[in-house]
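Each chain carries a letter (A, B and C) given by its place in the written order, and its residues are counted from 1.
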Amino acid sequence: MAGQIEAKLIELGIVLPAPTAPVANYVPFVIAGDLVVISGQLPMLDGKVAWTGKVGGTMSVEEAAKACRQSFINLLVHLKVAAGDLDRVVQVVRLGGFIASGPDFTQHAVAMNGASNLSVEVFGERGRHARTTIGVSSLPLDAAVEVEGMFRIA
Amino acid sequence: MAGQIEAKLIELGIVLPAPTAPVANYVPFVIAGDLVVISGQLPMLDGKVAWTGKVGGTMSVEEAAKACRQSFINLLVHLKVAAGDLDRVVQVVRLGGFIASGPDFTQHAVAMNGASNLSVEVFGERGRHARTTIGVSSLPLDAAVEVEGMFRIA
Amino acid sequence: MAGQIEAKLIELGIVLPAPTAPVANYVPFVIAGDLVVISGQLPMLDGKVAWTGKVGGTMSVEEAAKACRQSFINLLVHLKVAAGDLDRVVQVVRLGGFIASGPDFTQHAVAMNGASNLSVEVFGERGRHARTTIGVSSLPLDAAVEVEGMFRIA
């Protein structure tokens, strides 16, 4: 029987893909006490980086928000493995958002809301998190965004 | 009666403004066990970003240090809410400093000292922290700097 | 008598230099519970930043991997002081990798593997970590890379 969070994902039409291995010599997550620290997630979809380029340049901020949403879905994939059951997630502690962009970009918050909004949609009050969002000169594999996360589990 | 840290702030002539809401769908801080994780703070003053542009370009490193100091004051605003009383702060664990700057900038440490020095002025030995400072291509709302923090409370 | 990890370092031909003070008003590490949070480390060697410039520009990704490896060695220097004995390290929890690079750089993961591979060589399974790697516009003292770390000790 699906848990409450799984039911919420179904309601949102979100199907978590199978976990994929990181692109290098590290692991998707580490559990330290009741904290789950998850590696930075690129906006992978169907096995490839689906949003590339620079936000505010070749990519609109609306598209970047979708990319951040996808990166958060990829965090959920690993969080589910870490927690066993997403209902065990007590709190989304912190999200870090990295937006590949040039010096003139200013709408980082709008882009990162793609991840933050989904966090609250999925987890409700427990989904409200501390957040740091910055603009970066480039990201692995030319990804347009990257999102990392720290979560607390029961 | 003001606590010791509040007294120190008064001595330094620092008046903490009222807490303001984040610019997007997240919260200013999350408490996880005895850790307080606070969202990245822009150098807001009187309701607006008071230091904009690129450090080493349109802004001097001395001004950037003032901006980092202001960002740390904004961390204190939320830390006070989280801890109830700033005297309960056991340790400033980590500060992350983000300096909007071009490829030729090298004085990130000087800029970030604006935050680090104030941390030690306010909290003494408990204010000595681990720190990571990097240069970033751009920041939300064209802010010149952003500072995030992790703190331990009793 | 050297511990197991010290023996491993000797086997790898790695001599940990004496700890050096940070370049500004902060400390190399903070212990919070069983977590050790270590400040971002530049690729210092013999008292100076040995890898400068931009990766993908004036520096090859192979050289950047060596720089990340050196930054990880510098994390070990402080971790040893924090833990007393490196054998007390239970887990490398998270590494953050910052690669100074222009907008066209895409091989961040290859560079950061210089740190990640050494982590696994030194600590084995305990060395497998969560990781976030991003490209940044500039770093302190024109360093080509910077690596920060969070570790769990017994």
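Here is the rule we go by: contacts are C-beta pairs under 8 Å (C-beta built on N, C-alpha and C of every residue); 3 or more make two chains touch, one makes a residue touch a chain.
Because the structure is predicted, anything quoted here is derived from the model rather than measured.
Annotation, subunit A versus subunit C: rotation angle of 120 degrees from the Cα superposition, expressed as a multiple of 5. Counting every residue number used by either copy at the subunit B-subunit C contact, under half are found in both chains.
Chain centres here are Cα averages; for subunit B and subunit C they lie 25 Å apart. Under the contact definition stated at the top, the residues of subunit A that touch 2 or more other chains are 33, 102, 136-137. The touching residues of subunit C, when paired with subunit B in their complex, are 22-30, 32-33, 37-40, 54, 96, 98, 100, 102, 136-142, 146, 148. Those residues of subunit A that touch subunit B in the complex are listed here as 33-35, 91-95, 101-110, 112-113, 116-117, 120, 128-137, 150, 152.
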